[in-house]
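Scroll down for the structure; my scribbles are underneath it.
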Amino acid sequence: MSLKRKKYTRKTGLPPGSLIYTGERKSEKVIIELIDYSESSYEVKSIENIEDCAVYKDKPSVTWINIEGIHDTSIIEKTGKIFGIHPLLLEDILNTNQRPKAEDFEDYLFFTLKMLHFDEAKKEIGFEQVSFILGQNYIISFQEGIAGDLFDSIRERLKNNKGTTRKKGADYLVYLLIDAVVDNYYQTIERLDATIEQIEEAVMTDKADHCVASIQKIKKDLIYLRKSIYPLREAISYILKGESKLIDHNTLKYFRDVYDHTIYIFENIETYRDILTGLLDVHLSSLSNRMNVVMKMLTIISTIFIPLTFIVGVYGMNFKFMPELDWPYSYPIIWGVMILISIIMVIYFRRKKWF
Amino acid sequence: MSLKRKKYTRKTGLPPGSLIYTGERKSEKVIIELIDYSESSYEVKSIENIEDCAVYKDKPSVTWINIEGIHDTSIIEKTGKIFGIHPLLLEDILNTNQRPKAEDFEDYLFFTLKMLHFDEAKKEIGFEQVSFILGQNYIISFQEGIAGDLFDSIRERLKNNKGTTRKKGADYLVYLLIDAVVDNYYQTIERLDATIEQIEEAVMTDKADHCVASIQKIKKDLIYLRKSIYPLREAISYILKGESKLIDHNTLKYFRDVYDHTIYIFENIETYRDILTGLLDVHLSSLSNRMNVVMKMLTIISTIFIPLTFIVGVYGMNFKFMPELDWPYSYPIIWGVMILISIIMVIYFRRKKWF
Amino acid sequence: MSLKRKKYTRKTGLPPGSLIYTGERKSEKVIIELIDYSESSYEVKSIENIEDCAVYKDKPSVTWINIEGIHDTSIIEKTGKIFGIHPLLLEDILNTNQRPKAEDFEDYLFFTLKMLHFDEAKKEIGFEQVSFILGQNYIISFQEGIAGDLFDSIRERLKNNKGTTRKKGADYLVYLLIDAVVDNYYQTIERLDATIEQIEEAVMTDKADHCVASIQKIKKDLIYLRKSIYPLREAISYILKGESKLIDHNTLKYFRDVYDHTIYIFENIETYRDILTGLLDVHLSSLSNRMNVVMKMLTIISTIFIPLTFIVGVYGMNFKFMPELDWPYSYPIIWGVMILISIIMVIYFRRKKWF
Amino acid sequence: MSLKRKKYTRKTGLPPGSLIYTGERKSEKVIIELIDYSESSYEVKSIENIEDCAVYKDKPSVTWINIEGIHDTSIIEKTGKIFGIHPLLLEDILNTNQRPKAEDFEDYLFFTLKMLHFDEAKKEIGFEQVSFILGQNYIISFQEGIAGDLFDSIRERLKNNKGTTRKKGADYLVYLLIDAVVDNYYQTIERLDATIEQIEEAVMTDKADHCVASIQKIKKDLIYLRKSIYPLREAISYILKGESKLIDHNTLKYFRDVYDHTIYIFENIETYRDILTGLLDVHLSSLSNRMNVVMKMLTIISTIFIPLTFIVGVYGMNFKFMPELDWPYSYPIIWGVMILISIIMVIYFRRKKWF
Amino acid sequence: MSLKRKKYTRKTGLPPGSLIYTGERKSEKVIIELIDYSESSYEVKSIENIEDCAVYKDKPSVTWINIEGIHDTSIIEKTGKIFGIHPLLLEDILNTNQRPKAEDFEDYLFFTLKMLHFDEAKKEIGFEQVSFILGQNYIISFQEGIAGDLFDSIRERLKNNKGTTRKKGADYLVYLLIDAVVDNYYQTIERLDATIEQIEEAVMTDKADHCVASIQKIKKDLIYLRKSIYPLREAISYILKGESKLIDHNTLKYFRDVYDHTIYIFENIETYRDILTGLLDVHLSSLSNRMNVVMKMLTIISTIFIPLTFIVGVYGMNFKFMPELDWPYSYPIIWGVMILISIIMVIYFRRKKWF
């Protein structure tokens, strides 16, 4: 089943704040990874028991807890208790239909967005929800648990102390994570761009045969992309207002950069929609044109032969008294007449530009 | 008759504030249920006479009076008198064409919205208007009186003192009621989603025969849903401004959550509209394509036989002097010629990609 | 002529404030009616001479002067002088193409809107402009003079001292008048709704034959309705800001109610437009479908007979040497062959789902 | 060439403020007319040399300098020097592609808009740019120089001291001039309205044959009108903010009136666009309907005769052994059979409602 | 490959601020030109080594450093170091997919936009990104390095001390550069305008054969133009707020002028889109009309001959007993009957207006 069509099955009748996972189970086991770093130190751990993270909460070093797999609600609940997170927010993390948003809870900032996966086999875009909780010195990230994420290069950079990342705070790390997700949108857009170029090529050289469905498929992809990127833009714009004390003034410049990227992606999606609509028009018009040319040609052939058939029918009649039948040159004359008629009709149709 | 098409028959010529019920009578008897609770107490009563509720108005415990059936305007009028409600507001409660809205009357808050019922038999969505009046320690809810509502799980929770509901005030209860209604929109959306998926499947595999009407029907449902959810969003947004002293600051967080849900539903409705428009395009284009293929094929058959018919017509003529008629091999030769012509035409049409 | 298409003939070249009536003359004589009331008194007079109204200007009782027929500009001019009204405003009253608006002139409030008349015979909606001037203790209303208005029930209520109307001021009366006009929009909407339902019924059961023009007609009605209701909404919203000292705070609640009605009507107009667009799509698609079915059927009949006609043509040829002609069973065999061909073709077409 | 399609040829490479006329030369000679008036005095002069106007700059009486023809840039330049006008503004006056706007330069107010000319012969709307500079006691108006303008009645009124015009200041005169231009839009709208009514009549009675192009032409006119009126509305709205000390508070009321007119015109343009779109739909659908009826009828005729032709073909075969040929009543029987077949087919087609 | 379709290949996985050029390499060598001027001095240099520019940074004269070719990231990096430019900004300069924007970094102002190149051979519009950094006394401009730019006339003016340019500051120079780019849009618009006029001519005289693709091409050009001009308008509007201390109050007037130009261009793009949509409608409708006329004519010819063919078929039957065959005048009579039938059919079709 497509990842797009998630069921909305919400826990109707349950009290708000009830933690129930609404998505599909994407992995067997929940994997928890903890990275703790400062300018001078770096530590990476695989966590079995979420309670082990509690000690990191108030450490001055930056701690990144990455939870892959959110189907085990007990882990989410415990995390919530340890870090003092509002139950409604936990519900949002578990609800895989959550629209991208940022929300400021004074002590922490909540951010949720969609990460794209491209399934090469099915040529389909998959959506995985990622949520971030940014506290004073920690980030907790929640992924649905599809194997692989977009953060390996960030882990690499932290480990090898490349650039200035380890000198900066948790707010800069959250920027890096969001930036990695948004960068991935660029690649998806590029992939769509290539497909659109192919379709355009096919349509313009009149070689497209089944492109209505392809165009429709891309249009649908664009609709879903737009549904992800539009609220993301709003969410980043919310952060840009700079009201959260958790995000440093200097880091805001970087968020401004991500914001520009989301606008760029959004504008491209709109552009592609316009182009596809145009392509569909050209395609349908050229299809109907080709059809018309065929039908006209065939009809012209019929129209030329029908009067001739009538003429030969006339001299197939068995009347006793038909003087032409006895004349010696009737047969060649009738051939001449018929050829003449054909020529006149062809010339007439040509003049009228009927073919 | 569809529940959607309610008559607007307003009481033209009557003074404003005249209480006249504008909907259809949905039930025989008006049922009034009273639930009174505090953290430690719980009482449920079936009320015969609305005046019996007066004593609950100023009790510190939370009182929820649920009135099912609003066709008996005298009950509404008495309720208005007991709780000191503005006549225009009573008129709004009775007007089943009221658009969803929230209005702050200082002493109480008025909230009206549409509850969805799905009629499995007719595959139709029905709309029932629900209004809430939130006072200091009481809620009065008014339903049109269609059997069954969405609040049973809330009653259950109150009765069994599950969760924290009984510890909280009337404002939290009104949130729970609104949340239950909005949750129900999710299910309707899910049902539509399933139908759209079926239509999509049918269209894409070219098996859809009568889906124009189905698409149109869903589009209409979406129009009506949007008409219900859009003003609802506005109404909740009005509450979120937090100007009413009747709604506690902590409860606002929950309303914010419902607000997010309404946006999500609204965006899905827009998405479905776009998808349906696309599906219609694909369907119509594939219909016309299939038609064209058939017509072309049939026309090609005619076009091949018409010249042949002409040829056999020629040798059906009765001229005295037609040398070919007497030649011994004319008949097989003419067959050869005709077969040749057919083959040439087929090859020609193929080359031109006419079939 | 339709009331909709009023001529714009403005008095080009005349100075601003020149009083020239731009509409058609709707009645012979201008009728002026004066109603003066307070809680305890009630007086109704037919006025011959507008100067007679001057004494009522400063009376503490509420005076309603209703002028039916604005083609006699001298009356308008005199009214302007008596009540000290700005010439541009008088011009607006006379310009029957004025868009609905509210304007605050400190000493008085100006309000103009369109009153609907449904011409049962021609099935056409007519528009009549009504303007109100609300002063401290008086209202002057100007109608174009089409026989009958929507205010009879208000007159009745004033006369019989029903409700609280006579206890309230001139601002409440102006609300009542506007409310009566807006209520009338509901009826028009209801009438359109019924027509749309009929068309929908016809389209869905494929019995609609000429509904393109009907749909177009309703669409045009909706366009004109929207053009009346949209600025009306703006005008009432202008009043709701509550800046005019002429409208009491308590009366604003009632205007808020009318405002809700205009939004409701406006949203319905939009809904109908969407539905009609959808209906047109379904109708055109079903029309073209029916057409296609017919053409396909007819073409199939031709296609089956054309090869058969060719075959019988073959044995109509007059060649000397055609062995089949002399065989004894040729005739029944050829019948068999032809029946076989027909059956094969029918089966083939069926398999291909061509009919 | 249409007046609409002005070339954009801008003086690329020239410094800003370079005075180059971008339009076509509309007249040979530049005509400068000066009218100077106060309540008691009135003077009109034809000016040869723009320097002669300098003395009027600081006179307390109101001076209106009307320059017809802006192709002689030296005159514009001199005017600029005399009245101290910013070079960019002079550039705007000369750029006939300037969009309508108002700009406040403290010492003077700049206003530019499009004046419409209807070319009766070509049935085309022409646009002429008019700019006004409103100083303390003077107005300078610049026209492209097309013969005739819309201000004759204003000149008349000034000369004969009709109304209060001469008592008022230069700001009132500028209002009069703008009002005259906007009034002229009404006439254009009325002319379009009449044409649309004709097309509608033709479409509804199915007598329209080439109305696609006519509809397209009007649509284009509406596009250009909208392009003129939309920024004009903005410009007047800018003046209405009342920030310029050059426009008296009392005159603003008049500008408010013009503003209402521009909204009215704008709304009508939108309405016409909607109506034309609808008409096009009706027209195309009725065209295709008529076409379908014809094709169906013709196809039915063919379909009836093709089987009959086959039957007579059968008995035209020359088989030796065809028993029917020798029966005495074969011929009348075959006629009977064929008539029967025709009747059955006609009945069948009728039942199926194929014609 | 079209310049439009730039790859988005972003350096996924690299830290933000990593300088990687994302466009195609447009030239071999990076050319750096330095112009330093004041009212009295003028100096132009070709720079080999970007470090040589450092001394100009704090000189009171205005310095313009123009860098053509941004594929050598080391040069960009060094420039950044010398002038103290934020790494994210350098990244934006190198990202050729950057949308036009203005950004204020207190010490300098960043401005990036698209310069248009028209490729006469391919009839294609190319986009080149130009970025400006405006410091206190210097401007650095970055071009992608396509041969030729639009600034030659500005260089000329600086060199020859034409106009007041050399008297003004760096802010005025940046205005001149932006103005030159925007002026170039006018020319592109004019070129499109001419093409649209040609297509319109062809469509209206029914001589357009392949204009669907042409219309689509222009539509696509307009989409890309709009994508460049719309954010440009926003960027200039950002400058117009006048919050940057780097831009003098007097220079803002000039930016206001450029702003007006961008609006004008934007409105024209919208107008062209509307016109093209209309043209497409007219074209498709006239195409289908022509097709219909042909098909109808051909079908009418067939329809006339098919009954005649049937008649001659009747008398081709070989029944022994067909009395008509022996009558002496059968043959001429049958001719008469057939001619009569043809005439009746032609008249009938004419009456019905079928041709």
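Here are some notes:
Lettered A, B, C, D and E in written order, each chain numbered from 1.
We take it that a contact is a pair of C-beta atoms (placed from the backbone, for glycine too) under 8 Å apart; a residue touches a chain by one contact, two chains touch by 3 or more.
In this text, all values refer to a predicted model and were calculated from it rather than measured experimentally.
Centroids built from CA atoms put subunit E at 42 Å from subunit C. Between subunit B and subunit C the centroid-to-centroid distance comes to 26 Å (mean Cα coordinates, whole Å). Shown for subunit D are the residues that touch two or more other chains, namely 295, 299, 302, 306, 309, 313, 316-318, 322. Taken as a contact graph, with one node per protein chain and an edge wherever two chains touch, the assembly forms a single closed ring in which every chain touches exactly two others. Think of the chains as beads on a loop: from subunit A toward subunit B, the beads read A, B, C, D, E. Residues 5, 7-10, 12-17, 86, 88, 91-92, 97-99, 101, 212-213, 216, 219-220, 223-224, 227, 280, 284, 287, 291, 294-295, 297-299, 301-302, 305-306, 308-309, 312-313, 315-318, 322, 324-331, 334 of subunit B touch subunit C in their complex.
By the touch criterion given at the top, residues 152-153, 157, 162-163, 165, 175-176, 179-180, 183-184, 186-187, 189-190, 193, 197, 204, 253-254, 257, 260, 263-264, 267, 271, 274-275, 278-279, 281-282, 285-286, 289, 292, 295-296, 299-300, 302-303, 306-307, 309-310, 313-314, 316-322, 352, 354 of subunit E touch subunit D in their complex.
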